[in-house]
Every structure is written in C-alpha cells, then in structure tokens.
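Listed after this line are the structures, all set down as structure tokens.
In what follows, chain A forms one complex with chain B and a second complex with chain C.
And now, the complex of A and B:
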C-alpha cells in the first residue's frame, strides 16, 4: 500500500502509456518531465543522493513495466545528470564539466562523490534548470522543423513511412517555401500512413500514398527518405516502426540518403541485446493482420504482428536533432553529453 | 434476331448517357458487362447461324463500311495527336472565339451531344432488319450520314477544329507536368474542359481521345502518367461490347480480368486458352474465306478487347504467339472440322506441356532442395509454389511455411487457406514484418509473372522487397518459373511497363474496425493513392531460377529464349 502511494505518479504514467492516453513521444516526454518536477518540488528528500535514489527507483519501476518505452527513462536519466551537475557546481569541488583523461587516471577511487552533503540552494537551482529543460523539450520540434530548408530542395521526391509528428512538421515547414512531392508508405496494419498522407495533403503538399509492398518499386525515383524513430540506440541504430528496415535496405540499394529526425530524448544508451529479436520487439494483436472472421483457420496458424524493426546504423545516413545534423557514428558522443556515465546502466 | 440486340443496345445507350457526367465505377461497368453477356451470347450464336446460312450481315450488326469508317476515324485521331503543333498562336485565338460564342455551354448539353452519335448509330442498327437486301440501304444511309457531317464542316472549320484539338492536347500535357501545382492550373483545366466541350459541339463526332483530355488530370502520379488508362478504357470497353465480333467467352474473360477475379499469370493464361478453345469450337468460317485467316482476324478483336480490360500477361502473349504461329502453319487442305480439332488438340497440348508438365518438373526439382526442418518463406499466392509445397508435404517432408502477404490484394490469405487445408504448418504476416522473421528462415521461394531477358524478374509488387530482405540476411532465393513465361523484353525499373490497379483498394482498410482517413481522397487534389501491380526484382537478389529445363542463374534467360522454338 505504502509502495503504491510512493509510486503513484509513475504508475499513472505507465497506465497512461499502456492505455494509449499518451501515445506520441512528445507528450510522454513532457509528462515525465512534469512528474520529476513535481517530485523535486513536493517530494520528501534532503540531499541530492535522496533525490537521485527516488528517481532511480522510478526508472527501475518503469523499465520493469514497459521495457520498450525508452523516452521517460531517458528524460529521467538526463535529469539525474542535471542533478549531479548542479550538485557539483554548488560545491565547486570538481572542476568544470568533464574531467580530463589525466584526471580520470590519477583520480583516487575514494575520491568519488556520493552526493550526500546537503546543499540548501539545490532545490531552487534544480527547478530553474528543469524549467529551462522543459522549454528545450517544447521547442525541440520547431527547432528540427526549421532545419528543413537545409535538407529539402525544390522538386524533390521524399519518401516517409507511417506517421511522425516531427516529420509532418518538418515537411510542412519546407512546403511553405518549396514545392516537392511526398510518398507516404501506409505502414499496414496500423495504417498511420493514411493519417499522415491526409494531413500533408491538407497543407497542399503533393502526396502519394503507397502500400508497403511498393517501396522497392518506387525507391529508385526517390531523392530522400525522411523518417521519425521510436528510439535511437547507442550504436546509432534505430528501433523504429515495423517495416522501416526494408525501406532502409531499399534506400541503401539505390544509395538514397536516410534522414532520421530524432529528439534528444530518443537517444538511449541501450544496445541491441541480441540478434534474435525476441528481447527487443513486442508483438501487437494479430487481429489486424488476420481478422477474427477468418474463423477456424486461426487455430492452425501463427500470425505475427511485430511492432518494431531494428535498423542497423550503417543504413542510416544522418540524424537531425534540435542541435543540428549528426552522423550515426557520433551518437555515442551525444550520449556521453546527455547522461552521466554512472547512469547509463540502470 | 433483332430483339436481343435492341435491348442490349438500348441499355447501353442509357448507360452511356449516365456515364458521361459521372464516370461509372468499374463495378458498375462490370455488372453491365455481365448483363450483356447473356444477350451477347444469343446474338453471337445467331449471327454465326446467319453466317452459315450464307447471309452477309456482319457478325456484329455493323456493316463492313461502318467498321471501316470507325477504324478510319480512330486512325485520323492518331494522326491528329501525332501532328506537330506549328501554328500554336493561331490556334490559341480560334478556340477562344468559339468560347465567346457558346460560353454558356452546360454540362447537360455536353451529355446530350456526346450521346447522340451513339444513339443515332444504334437507331441504324435497330431499324435495319437482318436481311441481306437491307444491307445495301444501310450502307447508303451510313454514307449519307458521313457526307452530312462532311458537308456541315467546311475545310477551314475542320482545320480550326484540328488546331483546337492539338492545342487542347498540348495543354493537357502541360497540365500533366504541372500536377505539382494544381492551384495554378485548376483554371487552366477548366478552360480546357470548356474548349473540349466546344470541340465536341463543333465536331459532332466524339472520339475517345478527346474525352480522355476532358477528364481533369488529377490524382495521378506523374511518374506513371503513361500507365493510366481510365476513361480510355471505359470508352473502348463500350465500343467493344457493342462489337458482336467478340465471342462471349472473351467478353466474360475480359470482365473477369477487369475485376481481377482471375489473378496470376498461370490462371490468366489458362483461362484465355480455354476461351480460345471455345472460340475455335464455335467459330464458323464466313463464306469465301479461309478458316484460319478469318479466325485470326476475329481473334484479333477479342484480344484487343482483353488488352483493354487489362494489359496482357507475358504468359498470355507467349501462348497467343504460339497459337497464331500454328494458324499460319496449319495445312490449308484440311477441312474446317479437322482444323478445329487439330487446333483444340494443340491448345490442350500446350496446356499439358508448358504449364502442367513444366509445373511437375519444377516441383520435382525444388523438392530435391527442400529438406526436413526447413522454414520456407513465400510471398503472396502462386499456383506453382502451392503445388511445390503440397507435393513436398505429400513426399513426407517436415517443414514450415512462412507466408508473407501484402495489401491491397492479400492473396496470401488464399495461399494460407490452401496450405492449411493441405496440413502444412504455416505462419502468416504482412510484408513490413518480413525482417522480423527472415533471420529464422532457411529458404525463400518466389513465383514470377515473367522473366525478362536481362535476368530481372517481373512479379507481384513486393516480391523485389522480399528478395531484397532475404538477400540482406544471406538467405537463398529461388524463383520458380515455367519457361513459357520467359520474355524477350528487358527492363530495369518498375516504371516503364507496369499496371495501375484500382486506387480505392489502397485506401480501404479491411482487417480492423478502423476506417481510413483517406476514404474521401478524391476531394483533395493533392492526394493520390497508388496501386502498382508489379515490380521488377534485380537479378542479383535471386540465387537461382528453377525452370522445367534446369536450375539456372537469372542471367541465363537469353540462353533459354534461344533454345525455345519461337517462330
């Protein structure tokens, strides 16, 4: 009972995500940030150590409930880093920012900080920092969209898969000043592509909707593939909507660049845990693939409806975040900037 | 005899009238076709009988001269479209003047105008009783009509009309190029339509080509502009269903192709061959003509009709080529009945050798490659693959099958049903999940629509993608294909030769309770669903092609083509 009260906030978040009340990653990110903000301002903690353990408990709780959902964990992980930084600057003990290699090698093990000292200004400075972080989250989508003109030229044919709010905004921004065509892959059986196509067409972008099977046929005339992603893995690979892997392969075949629009909170320090996808993927209801009306046939067949695809980093050309473009090989560096090394494995 | 034909024609005219303002959907036109078939059968048989009695009424109710006139008309249109537009400036002015005169042209008027020629034609048919002596009078009547037409138009007018047509066509082309910015050219298309209305009014003759321009070119993917048939198909269908030269078996076949109720190149070829047999059986030589020659010309019309319904498959073209070759080689001294039975025998032999036996040989060959505990991935539906898998099951091999399916056809469900009936263990998924299973698969078996001379495989859309993913997972890809589907054509992309199927199929969502956001896509000019039928798989994705002759690399297709006795 006590536990329920302690974790009521994160339990609510989990259930909201499970019941698809929050389904786009931006909403999830904002909700998570607000959750932590409330925790800081109202929670029972004294030292930075207390606060960090509170957050870590929530992360653990969340991972055990929804291992596939990386965004909230990444947000909380980044906030841990903010707490550490604030603590450090509060005491001015550990020099500035990152330690040099020399310092790391010569450092005394006992020297490592346990964040247990009390720092009276910590709460207010954290809340300030979080407010700043929230603004960053909120403007991330627009920041990515404004880069559109650097990537889309006139009369291009752009292919995208399914629906991503970020991609939609990106394309719409470019459409204000340039004429181009978009081919939307419908991404059956979820058919997010249909909504995407209708939204794009409403803002007067010439849109073609194709079934998933026609990707290879169309690919040779496509100039760029622009997609969103669910998570960016530590090696620069992607966990994306199902079907993107074959799109990426087709693009690779024709040497067509694939751009991935990714907010910073999608960068996750996790690696692909096995080449067998079982640990990585989840399967949705097979009813969308083979309807229940198929009757007795259903007893005799296995029907799969996986939700994700793994796209290896060599198929990705570019990541575009609110800070600009980065190659997949640079993701590890971004990760070390986003998260403290001690928090990468939780 | 007059009765059935009049009812058919009357219904057609009604339909034509309704069809002009709002194009009828494929389904409706289909229903119409099927309705006509019964009547058409009667007329065809009766016509044939009348031929036997030695009377000279054309089998279609049209006189020869009329038909010739139709042909000439079509040729003229082609000429017009091919002619270069030298005098654009002049032609720009002339249609405008016309618009000024008749600026109030309404759609209703247009409808009447376009349907009247058909009506008058039909009147001609219905008024003329099927007696040999009335044929002459009808001829003169037709000639008179033609003369009248000529008289009403002076030479200058005809010239002006031609220029207007050219200009309209030029503008239509420009519109096609400008699909990206329909806002700007919406007006242009409207003007265009007006101009065309004008042309139609002036010219009195309605040719299908002009009608093609009349329809605004929206909802088309620029890259595939050359593949859209749309109105042209409708017009031609109407013309051909009026044409009693076409055997009802072919009319029915055409309807089945159009509705895509017969799918797959083997099935289509078999259906066509059986229609061909029926035709050979029912065909009676017109007097003073040779059986094979006249059969060939009748066949030509039927095949054109089939081609309008849906472009011929490579398998069908190859089979037809063999049949025509046979027609030219057949001994002219034989009696008609002997020829008939010989032809039917040869058709049966073709089916036996090229499809049945070849399938058996391929099945044997592939079965050698299937071992216990194999996981075989297949894509969509293929009669040949089904046969191979069922044979392997009968041979007692223990294997699993993964069926990959794709919208909008979802042929894989039929495959699933049949494989489950044959007690084969199956998994089923959609094409976007193909990477999910590919790592566990041991072999990929694919069917083919045709094998091209450069070694590329033409097949149902999605095949290339499955092969691509298999290739990236280093899995062997076997394409199973009878050699009668080999083709001299070379092709490296899926754009030049392809087919565009009903775009509505893309936006209908069947499996769940969801409904698509695109159901009213016609309201938005920027939105285009695209439903491609085929794609082309590069030869480097394919490990081997299994044919009845041998297991070959893709690149050996030209070798087989040289071995095969063609002409």
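And now, the complex of A and C:
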C-alpha cells in the first residue's frame, strides 16, 4: 500500500520550488509544515511507525529531486522527532533518546522501541504540537529581529551581502531606535544586493552599495558583518550564497565579527565531506554571467555560475536564531535537540 | 574467585589470540569475568577485586590509556547498576546482563564508525595516517570494498614500527599505499587531502592521546590547512584534562618496565594533541566536533 502512495503533495512542493513559486526559505518551511499537517490529518496511517515511514518516503523523494534544498527535509526531520517524542510520552516509555555515552552505559535490553503500537490520542496531540510548531516558525523571523538592538549599536557600520529577508527585517528593527550605516555588497551576478539596498534606503537607513570586488577595501571600516545563510552544516560551517567565503576571509583579516542569522530549520545534520561532494553545490544559469546576446563568444568560453559557497566554522563568530546567540561549536548540541539520532541519516 | 595470575593470563590471552580486540575491550571483558567468578557476597569486596584487576592489567605491556578509560567507563557503569538493585546476587546479574549489552554495543561501534568515516573518503583521496589503528584500517577497508579509489601514506612510526604492520595490512587489502619516514610528515603533507588517525584515549577537552608523532602530524596539518580526522570508539573517552604534554600520566607515556628507571631519559610512547588541531572525531555516537566530547563525558559522570 505504501508503494502505491502517489506523493502528489511532495511533487507539488518540488515543482513549486523548482519554478520559483516558493523562493524564500520561510515560504518553503511553512508549506512543508502544512504538507505534513495535511498528511497527519488526512493521510492513511494507523500507528506512529506508518506515519513515520510515510514522511520518510516523502523525504527520500524530495532529496532525490532537490538534494541541495535542505529546509523541507529539516522540517520533516524535526516533525519525525516530534512524533517519536509524542509516542514516547504516550506510552511513558523511555525510547532510544539521545545517542550518548550515558545511554551506552545505562541501556536496558527492553529499551528498544519500534513505534508500532497504536495510540488513539496520537493524531490529536500531534496536530496540537504541529500547530505550536507552526507558530514557532511564523514568529521565528520576528524573534530574531527583536535581538537586533543587542548586536547593532549607534553609529556602527554594518556590512551585508546580497538579499536576505531575515537580515532586512533585523536591520529595519534596529533602525527604529538606532542610527547606523549599512554597506550592501551587490552580490554579482544576480545583484540581489540592489533590491536589498533600495528596501533599506526606503526605511531611512543610510545605505551604501559596493561591488563584490570592493569588499576587502571597505572591510577595514566595517564594525560587523551580518548575513543570512542557506544552510548551517553540522560542524557549524555554512552553505551560503557564493561570494560569502571571500567576505568572511576579509572580515577575519581585520578581526571583524560575523553574525549569521539562521532560523532553526536551516540547521542540517549534513557534513561537507569533500569539496567535490555531490549535490553540495549547484550551478545556476550562466546567462547571468554571460548573456546569450554575447553571441559568438559563447562558443569559445566556458561559463560557470556556482550558487553556493562553503564557509568553514572558524570564520563564523555567532549564529543568531530565535533562541538567541550560539557559537558555531554549539551547533552539534542544537542538532541533537532538534533531530533524533536515527533520523540524521535518511 | 580469580587470583592474580588468572586475571593476567585471561587478559593477555584475549589480546594474543584475538587480533581484532582493542586493549580497552579486553580489559572490560576481563572485569566481567571477575564479576562472574566473584563470591565474597558483598559489593565492597567486588569493588576491591575490580580495583585489583585494573592494577594488574595496567601493569602489562599494553597501552595503559585505553585500559584506564575502558575500566573507568565500566566502573561508572557499575556504580549506576548498584543504585538500581537490592541484593548482591541481583546486582551481579544486572551487571553481567548490562555488561554484555555494553560489550555488544562496543563491538558494533567500529561498524558504525567505518560507515561514518567512509563517506569522507572520496575517489582520488590521498590520505595520511600514523601508526596502526584498527578502526582506521576498518574504515579504509570499507571504502576499498565500495570500490573507491584512494591512496594511503603510512608513517613508519618509531619506536615499535607499528606503521609497517599497517602498511602490510593495507597491502593485503590491495589498497595503494606508501610507507614513509616519520620525519617526512611535513614533506608529504602538501600532497595529501586529509589526515586520518585513531586514538588511544580521547580526553575531556576533546583532544586525543595517541602514538607519539600524532601531535607533530596535527601541527603540520594545521599549518597546511588539511583536515585532521580522528576515528575512535566512545569507550576511549576518558576523564583527563591535560593542558600540556607533561600533564599526561607516566603510566600512559612509559611501559611498566621503564617506569622504575630515570624517566627523563626515556622516550615517551604517546603524545597529547589539543582539540584546536582536530577537525572532527568519528565515533559510534556520531560525528562529533571536539567540543562535543566534554558534553558527552559530563552527561555520564555528573
């Protein structure tokens, strides 16, 4: 019966992301959450185990179609943890819990659990939990923004790269009560920085736009670098917009702190194994770099337009999530709270 | 009740006959044996007996770091078992049951580690390793079985030349490998992709105690921005917080036979690599950053 499942919901999600109907991670996160919520209330499942395998099949489907998009997988992975927790509290059993040294020493033989027993209250309690989770997702951006005053002080010069909704909101929140200057790196070849700069300028923030090549030259006068990210990796590194590694190295050179605004759903248990890792990076359309109108030149040169950069954890100062600030070395702890160890590899 | 020679011969027997068992696991198995044959009828007597067993094993010519951490973990586990039970016989049974479960998990740990580490060994990798580590060998074997093509450089690793054994093991598995001098670590570093070593013990700071020369290798790797990976079972986590090399206990650094003489003239067998030089630790608890190690230890011992 499981094989017969049509996955129409996840296929729709995939195509919406592919066709940029959903282009920011917040919308993707909310849509994924709603997808699972529908699956729980309307799907054909009896036990927690059924439900978990339904979700896992969707994750597998999603990974095979869009391996570089981590947000939906993270959301679903976290919901798997919620299901496990609900099941465990429903039966007052201990479950496998954290995979820890302590557990290794204290485990009993009858501790293992296969989540197959029926729990009549599971559906309603899960829907309650997911409603809470959705509120958490919806308020995450505002929660991050309200921390802005702790990090941005009067008359500081802040540098940011490209466009991030979270960073925009963060800066605008601080601008309500502080006066500071923002330097926006334009982020070629997509130039999302231009839109960011115009949005900030509209909120009366003193904004300067610079080309990517001017980052090092400008860095000496910057007080803080504040950026968003695509994914936070398990070691505290970043998979983020191409060009940020360069900015991070320039900041390191001048010992300028880098704050990364990251929603919890951006935390992924993935590691960067090698720089040639499959599906770590993708190449976007080369038309941005060399337009098709360049005609004869197109035949003579190769054009690459990689979408992502890996930024190692040593270059990041602080992650700011809705729970507050965390150092990169603490990411492993957040991950173990967010996801069940058995779900980290899917 | 086992006497001193029984304990010693049982322990040495495991290590001599079973090639694939580490000293830490052998120590735990010996302690299990002591529990099984103990007949004083009191917990106090049993604890005394176990303490004696540990001393005996530490005084054999095997790496004391692994034995100490294995025994430490096992002792902790016993104190946790005592809390849950009432009579001695009951307690003895609980200990044996849990002990067996514990050993089974430890035996499974190398398989977990090799799977985690294997994904980092990609086609075309050039890997530098030091001395001989069973778990590194397992991981390399697993990668070779998955038809990955990679090359390994092994240091000769004086004074016991354990690198030569590693080299022969790799040759047997038909993995392309080269034996290099210990002094050539700096020379080879620019041409390798990453370093992968085992550990005798992992200390609370997240640093490791390993065969002498590991620290040199880590320093060199850091200088050339190469990742330094450590593969280790969680049974090797130990409650030690060395700040420098001289903080390491003498029993880690020198063999029992050498300990009676003038230590300043002896060559140490292990060194301490601080956590700042380690990129990641691959353990049966997952892939950990060095800072995660202290968290695990605190959870257990607090």
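The working rule: the second predicted complex is superposed on the first by the 323 of 346 C-alpha atoms of A that agree within 3 Å, B and C clash if a C-alpha of one lies under 4 Å from a C-alpha of the other, contacts with A are read in each partner's own complex, and residues count from 1 in each chain.
FYI, a residue touches a chain if its C-beta (ideal position, glycine included) is under 8 Å from a C-beta of that chain, and two chains touch if they have at least 3 such contacts.
Fair warning: this is a prediction, and the values are worked out from it, not measured in the lab.
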| item | value |
| --- | --- |
| Larger contact residue set on chain A - chain B or chain C | B |
| Chain B versus chain C as contact partner of A:330, first or second or both or neither | second |
| Contacts of A:303 with chain B and chain C, given as first, second, both or neither | first |
| Shared chain A surface residues [contacts with chain B and with chain C] | 276-277 |
| Chain A residues touching chain C - in the complex, by the definition given at the top | 98-102, 104-109, 234-236, 271, 273-274, 276-277, 313, 329-333, 341, 344 |
| Residues on chain C engaged by chain A in the complex (per definition of touch) | 73, 76-77, 80, 97-98, 101-102, 105, 119-120, 122, 125, 193, 234, 237, 279-280, 284-289, 291-292, 295-297, 299-300 |
| Residue ranges of chain B in contact with chain A within the complex | 179-181, 183, 221-223, 406-408, 413, 416-417, 420, 426-437, 439, 460-462, 464-465, 468-469, 472, 493-495, 498, 506-507, 509-512, 514, 516-518, 521, 524, 526-532, 534-536 |
| Of chain A, residues touching chain B in the complex | 155, 179, 181, 186-189, 191, 194-195, 197-198, 200-202, 204-218, 220-221, 242-243, 245-246, 249-250, 253, 275-277, 281, 287-291, 294, 297, 300-306, 309-310 |
